[in-house]
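Paired with chain B in one complex and with chain C in the other, chain A is shared by the two complexes that follow.
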Partner chain A sequence: MGTLELNQPGKTVLMLGNEAIARGAIEAGVDFCAAYPGTPSTEIPESLARVAERFNIYVEWSTNEIVALEVATAASIAGLRALVAMKQPGVNVCADFLMAINLTGTNGGLVLVAADDPRAMSSVNEQDSRNYARHADLPLLEPADCQEAKDMTRWAFELSEKLGLPCILRTVTRLSHSRRNVKLGDLPQKKRTARFKGVYICRDQDLLVAQHATLHQKLERAWEEFEASQFNFYAGPGKAKFVIVTSGSGWLYSREAVGALGLQDKVGILKIGTTWPLPEKFIVAHLKNVTEILVVEEVDPFLEQNIKIMLAEQAKTLGPIEVYGAKSGHLPAYGEMTQDKVAHALTSIKGLKPRVRDKKYVEKVKELALAYIPPRVPTFCTGCPHRASLWVIKSALKLDGRDGFVTGDIGCSSIGTGLTGYFQVKTVHCMGGGIGLATGFGKLDRFAFDQPVIAICGDSTFYHAAIPALINARVHNSNVLMVVLDNGGTAMTGFQPHPGSGFDVLGQPAPTVEIDNICRGIGVEVRVRDPFEISQAVQDLYDMLQESGPRVMVFRRRCFRIEAKEKLQKKYFVDQTKCIGDDCGCARFCSRVFNCPGIVWDQQAQRAMIDEVACTGCGVCATLCPIGAILVRGAAS
Partner chain B sequence: MTLEKDPLNLIIAGVGGQGNILASQIVATAGIKEGLYVTVSETYGASQRGGPVMSHVRFSAKAQCGPLIPEGEADVIVGLEPIEALRIIGDYGNPKTRVIVSPRPIYPISVLAGQAKYPPVEEVVQKLVGVVAEVRVVKAIEEGETGLAANVVMVGALAGSGMLPIKINNFEESLREIVSPRDLDLNLRAFRKGVELAGGKAAVLAPVKPTRKRVIRVDNRLNQ
Partner chain C sequence: MEAGKGSSDLEQEVLSQGLCTSCGACVNICPYIKVVKDKVAVIEPCGLTEGKCYGFCPRTPIDIAALDRSVFGKTRSDYSLGPYISIEMAQAKDSEIRCRAQYGGVVSALMKYALETGEISNAVLTKPFDSAMMPKSVLVEESSQLQECAGSNYIASATLAKLNEAAKQNKVSIGLVGIPCQVLALRKMQASKHETSARGVKLVIGLFCTWALSYKGFYEFLKGKVDPSLIKRIDIPPPPANIMVLETAAGDIRFSLDEVRKFIKLTCSVCYDMTSEFADISVGMVEGIEDWNTLIVRTPAGKRFIDKAKKAGVINTRPLEQTRLGHLKEASSLKKKRAVDAIRKRTNDKSNLLYLRLSAQEKKKYL
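Up next, the complex of A and B:
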């Protein structure tokens, strides 16, 4: 039995941050979960799906984040407890609906988990979603470790129900993707039934203003709740003049930095878990004798600015307090927080000697790293159909010769910006952004614009965000060629199903919505090709480039990682008697140009060679080798 | 329980797809069984696709640690791949760091394409020896093997090395919890192979003092 369903209150287990959030929801008796996959949030719905039957939870991968929030809100309105989880740009996608349900209010507990990604380790932006809490006047909780992630999630449902408002829980990559000790709570006996009652309309002008006033009253109530919250506490000496005010991941970085510098007797730490609205009385009580504070948080100076407003309002009580943080330049308002950064801020404010690594040692090891470590850049996996698709696109654009270019999108295909995609992709912004941009480029002909434009996007992205732009291209007859790289799943985040997959989050059969049917319905020409049939695909793509108006090419081949689970693959090898190495004139096409990690340049033999450990047996290289030296093992040649 | 060094900082480094996450999960669960506070921080997402990956694993008898190890403060490094071990030393190593490394390279694209050279593995190991307190080379993958469960062999080597204050049976219990029953036998065998390769068989009850001596066991038939 997994830790998620363990009914042993008080037992300590190792839990991933996202599992802890899921467990908190289970302990709160969550009934409904909707989400779109996105790092670092994906494991939350996946965890709930694993125990969906046992705890009678409905879980779905929604088409996109705003749909996820809408369907989850329906559950809340019907009196159920619902959770939505998303990565940071997903909060932007659902913001339109969020800015309406704050006014109409909700019923059953509704928790929105916003998973931010400081340092953009797997994101296209660095966003601080906490700003949405202030923007939408919604209560905000920031867990500092896995235990709090569980306990706060559980509490967030109660809070949401009490206030009749969605509650935002903000996590970050280093929490969602860290594993730590978690002491389990009890599991609920839940027996909720769903029923619609009441009115949820934000439309009427006078009513809206009244709703807005009510929203502010609800936030006042949240503020009262927060004053007594166990998630806010002070740690440190009784009469510290210098206090670190911190939230979320900043708490442990701060505590360790203070400890490492031996400042435990001089510096106190005020840890705030409920960061909007701020628990003002609690904070004021702990800043009475303080003259300096340092604010530690990730990423924007959200807490810092709100604290400064509070200090201005409390100037009579507190007197002047010097505030250090992002504005003072002691900590960056970008990138990831670390213990080292907090320590650096402390030593520079206090005029202490900074802790540094032995300079000579660092020079030596850094030099070694430079001399010995060849660069390791992310690449399409061995056997990835996108490698072939981008090769086809590159070849067709070259044949066309009009300086055409590719607008890109989110997901595995975005790796196509680099070497492994032959540097074909020239723009990447957000889900669906590539086709929208391309549709604009496709209307510039009256300004002497004559470059062909190809918009690529993955299949999951197509459903998520590309359809409105494609409709736009159709009704305005934009000159755009869209290439959908259909690999049969949401690959980048771990192969979650989408509307074309034919199964749901629990693996149960589901109806499919075909991409080519959608295109036909919109009224655009669509062709479906296998990108591994390279010469045919190049010819067809070239032909489509010569046409005008909106057109769609679907390159359909299942992600090899999905495929490999289902069948035994063929073993390929390079016949080194046939490969003639550098005499071929192919410029080491398979290993150097096509660039698949499954093909190695054999230095000794000066011939290509298949790395049988890495090779997935996709066989596309065999169709590309100019002299047919790549063969299937055991097959008649 | 007290630790001689608290927190004790471990980094498991490798390349996406080597099973870094499972390795750190086994080690961390064993740490919790030992009654310690454990924090694991993992890199994944885009790094899954052939990029360098590492897990920071931190043990403390006193309190929960932050997710990241400060620069230069790794006590133990497990390299699932030789140059990845060297890469970690650059940011997190110090002269007292101890290293367990698998000598089997995973070639970056630039090397596969013949555009960059992968340094001879013996040389990488020699360089490692020059900058840390101890290096143990553990040949987790034999010639011709695919590297299946090599991550678990390396966890076994870590357990057997006695560098962590965690008893071997706690590692095995953690394997039983985490690995699916179907793969348990294979993984237990891999784990025990690692324990033997590291030279330790008995359960280690107390934290081990850092060794001054450098133990190097480089197999001559290393696959380069």
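Up next, the complex of A and C:
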């Protein structure tokens, strides 16, 4: 039995932050979960899926985040408890619906987990989703560690139900993806049934204004709840003049920095878990004798600005307080927070000697890092069909010779911006952004624009966000060639199923919606090719480049990491008696240019060599070797 | 023969200048250069400073006298038609072959004979109509496959790319039919110090060529006139007709050659060779006679083969009249003169002849 199902209240177990969120939802008796995969949120729905049957939870990977929020809201309206999870840009995608259900209100507890990715380690933007709470007048919770992740999630359902509003729980990568001890709570007896009642209309002018007023009243109630919340506390000396005000991940960074500098007796930490609306009375009570505060948070100065407003309002009570943080330049309002950054801010404010690490230590670390961690660039996996597709695209554009370019999209294909994709992708913005941009470029012909445009997107992105732009291309007859890199799943986040995959989140068979059928329905010409048949694919893509109007090429080939896991693949090797090394005109094409990590240069033999551990056996390199030196092991030559 | 240059130079001096003949000599010898239709491109610079691609190209420096010596063992004395042993008229005896052929059916008859008698065991030929009007080079092993390769559609295909591909299969004893630029490149390949697919080529039949058309423009033009899939044969009757005839299932379509001339490949304007001067045997039309060919035998190997074919009754021959020979020389000289003029106009330098290295005698005749 996994920790998620463990019915032992009080037992302490090691949990991933995202598992803790899932456990919190289970303890709250969650009935329904809808989500779209996205790092760092993906493990939340996946954890719930693992126990879906045990706890009778409906879990789905929705087509996109707004659909996820809509279907989850239906469950809430019907009186069930529902959770939606998404990464930061997903909150933008669902924002339209979010800005309506705040007015109509919800019924059963509805929790939106917004997983932010400071430093954009797995994202194409850096965003602080907390702003949506203020924007939409919704209560916001920020867990600081795994225990809080669980406890706050559980509480968020109750709060949501009490207020009749969705509740936003904001996590960050370091919390979602770290493991800490979590003390388990009890598991509930679930007995809710679903039934629709009431009216949820966000339409009538007078009603809307009344709804907006009600929303503000609900937020007042949230504020009252927050004043008494266990997630807000003070740690430090009783009469500190200097206090760090922090939320979320900032709590641990602050505590470590204060400890490392030995300032425990001088600096207090006011940790806020309920950051919108601010628990003003609680904060005022702890800032009575304080003259300076440093605000520590990730990413935007969200807490800092709200505190400043509050301090202005409380000026008579509190008197002048100096506020340090992003505005003062002591901490950045971008990137990831670290203990060092907080320590640096503290030493510079307090005029202390900056903490300097032993030079020898720094050098030693560098040395060890270089010795044990080889430098790596982002690259497609061995056997990745996208590598072949990008080579085909590069070839077709070069043969075409009109300075054509590629607009890119989100997902594995975005690695095509770099070396491994031969630097073909020139724009990357958001889900579906590539085809939208390309559709615009395709209408610039009257302004002497004559470059061909290829929009690439992954299959999951196609369903998620590309279809409206493709329809736009069709009705406006835009000169755009869309290439869908169809690898059979949402690969970058761990091969979750999408509408074309044929299975669901539980691995059960599911109906499929085929990309080529959608294209045909829209009325655009569509061809489906295997990118591993490189010569044919180049020829066909070149031919399509010569045509005008909207066209779609689907390069269909299953993610080879998955393929290689499921089926025994052929073993390839380089016949080093055939490979002529640097005497070949290929100039080490396979190991240097095609750039598959499965092929390496054998320094000793001065020949190419297959890394049999890395190689997945896709065989594309064998078709590209000009002298046929890459062969299948055991096959007759 | 290698000039110590590589693919970047090829791109700069030939491809980007519109001088590529689409012969295919540089294709399929490395992973970097590709051809689709008649478009050749360096997909990615390989980084090598010296490459076979540059050395083999018919539009990179070519010393005519040196190549004469390498192919014929001596330099030419005829500056209009290149080295030859004999010139006569010929036609295929087999009327069925003649019927399908562009003119006298000599090429088809000779290739059939060469394959059937083991003179060669493979042939690299061109199928004039593949998909969407584009010709396709093919490797045939049986004489029965020759039928679909009869005729021409005036678009160049990358024949030598097919030859290079055949090298992977270790084919030897190959016969090749090509237009002058392809034959020229093939001879450069054979003269190279590198091991190439051209080593296996035992018989080279060169075709006469005044120009070839670029695929894209010509195809778009034809599409406006007729469904290209209906076209069975394209013919340019001998001057002074100045027309192109499309034979289609729905009858013939004729239009003025002037309409087609704008699609002539840029590189044809700098071409110095009308009669495939470096072939073993050259075959072309005869002025004013539709069902005969002009047959130029150039090498001893070519002569031995033609003598054998004549003896076996594969082709009929008869002498080419002096006036017709005169006109042929005139036409060939005119092409050379035009090429030299076009090159000098291009370089804007009277002594810079781009890829051509001419002997003193030739310079005297054409400069």
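Basically, the second predicted complex is superposed on the first by the 620 of 637 C-alpha atoms of A that agree within 3 Å, B and C clash if a C-alpha of one lies under 4 Å from a C-alpha of the other, contacts with A are read in each partner's own complex, and residues count from 1 in each chain.
Basically, contacts are C-beta pairs under 8 Å (C-beta built on N, C-alpha and C of every residue); 3 or more make two chains touch, one makes a residue touch a chain.
Worth saying up front: this structure is predicted, and the values here are computed from it rather than measured.
Undergrad: Please indicate which partner A:Cys586 is in contact with in the superposed arrangement: first for chain B, second for chain C, both, or neither.
TA: Once the two structures are laid over each other on A, A:Cys586 reaches chain C alone.
Undergrad: After superposition on the shared chain, which partner residues are touched by A:Val243: those of chain B (first), chain C (second), both, or neither?
TA: neither
Undergrad: When the two structures are laid over each other on chain A, which of chain B and chain C touches more residues of chain A?
TA: The partner making contact with more of chain A's residues is B.
Undergrad: Quick check on the superposed pair: does A:Thr39 touch chain B, chain C, both, or neither? Answer first, second, both or neither.
TA: Only chain B; A:Thr39 stays clear of chain C.
Undergrad: First (chain B), second (chain C), both or neither: which does A:Gln546 touch?
TA: After superposing on A, A:Gln546 lies in contact with chain C but is clear of chain B.
Undergrad: Quick check for you: in the superposed arrangement, does A:Ile393 touch first (chain B), second (chain C), both or neither?
TA: neither
Undergrad: Could you give the residue numbers on chain A that contact chain B in one complex and chain C in the other?
TA: After superposing on chain A, no chain A residue contacts both chain B and chain C.
Undergrad: Please name which positions on chain A make contact with chain C in the complex.
TA: Listed in rising order, the residues of chain A that touch chain C are 394-396, 398-401, 422, 538-539, 542-543, 546, 584-587, 589, 593-594, 624-628.
Undergrad: Any idea which chain B residues touch chain A in the complex?
TA: Spelled out, the residues of chain B in touch with chain A are 15, 24-25, 28-29, 32, 37-47, 49-52, 63-68, 70-72, 83, 86-87, 89-90, 93-95, 107-119, 123-124, 127, 131, 146-147.
Undergrad: Considering the complex alone, what residue numbers of chain C touch chain A?
TA: 28-32, 34-37, 39-44, 46-48, 51-53, 168, 216
Undergrad: Tell me, which parts of chain A touch chain B in their complex?
TA: Going by the criterion above, the answer is residues 12-14, 39-40, 121-122, 145, 147, 173-175, 177-181, 249, 252-253, 255-256, 260, 338-340, 343, 357-358, 361-362, 364-366, 368-369, 372-381, 412, 415, 419-420, 492, 588, 591-592, 595, 597, 599-601, 603, 611, 613.
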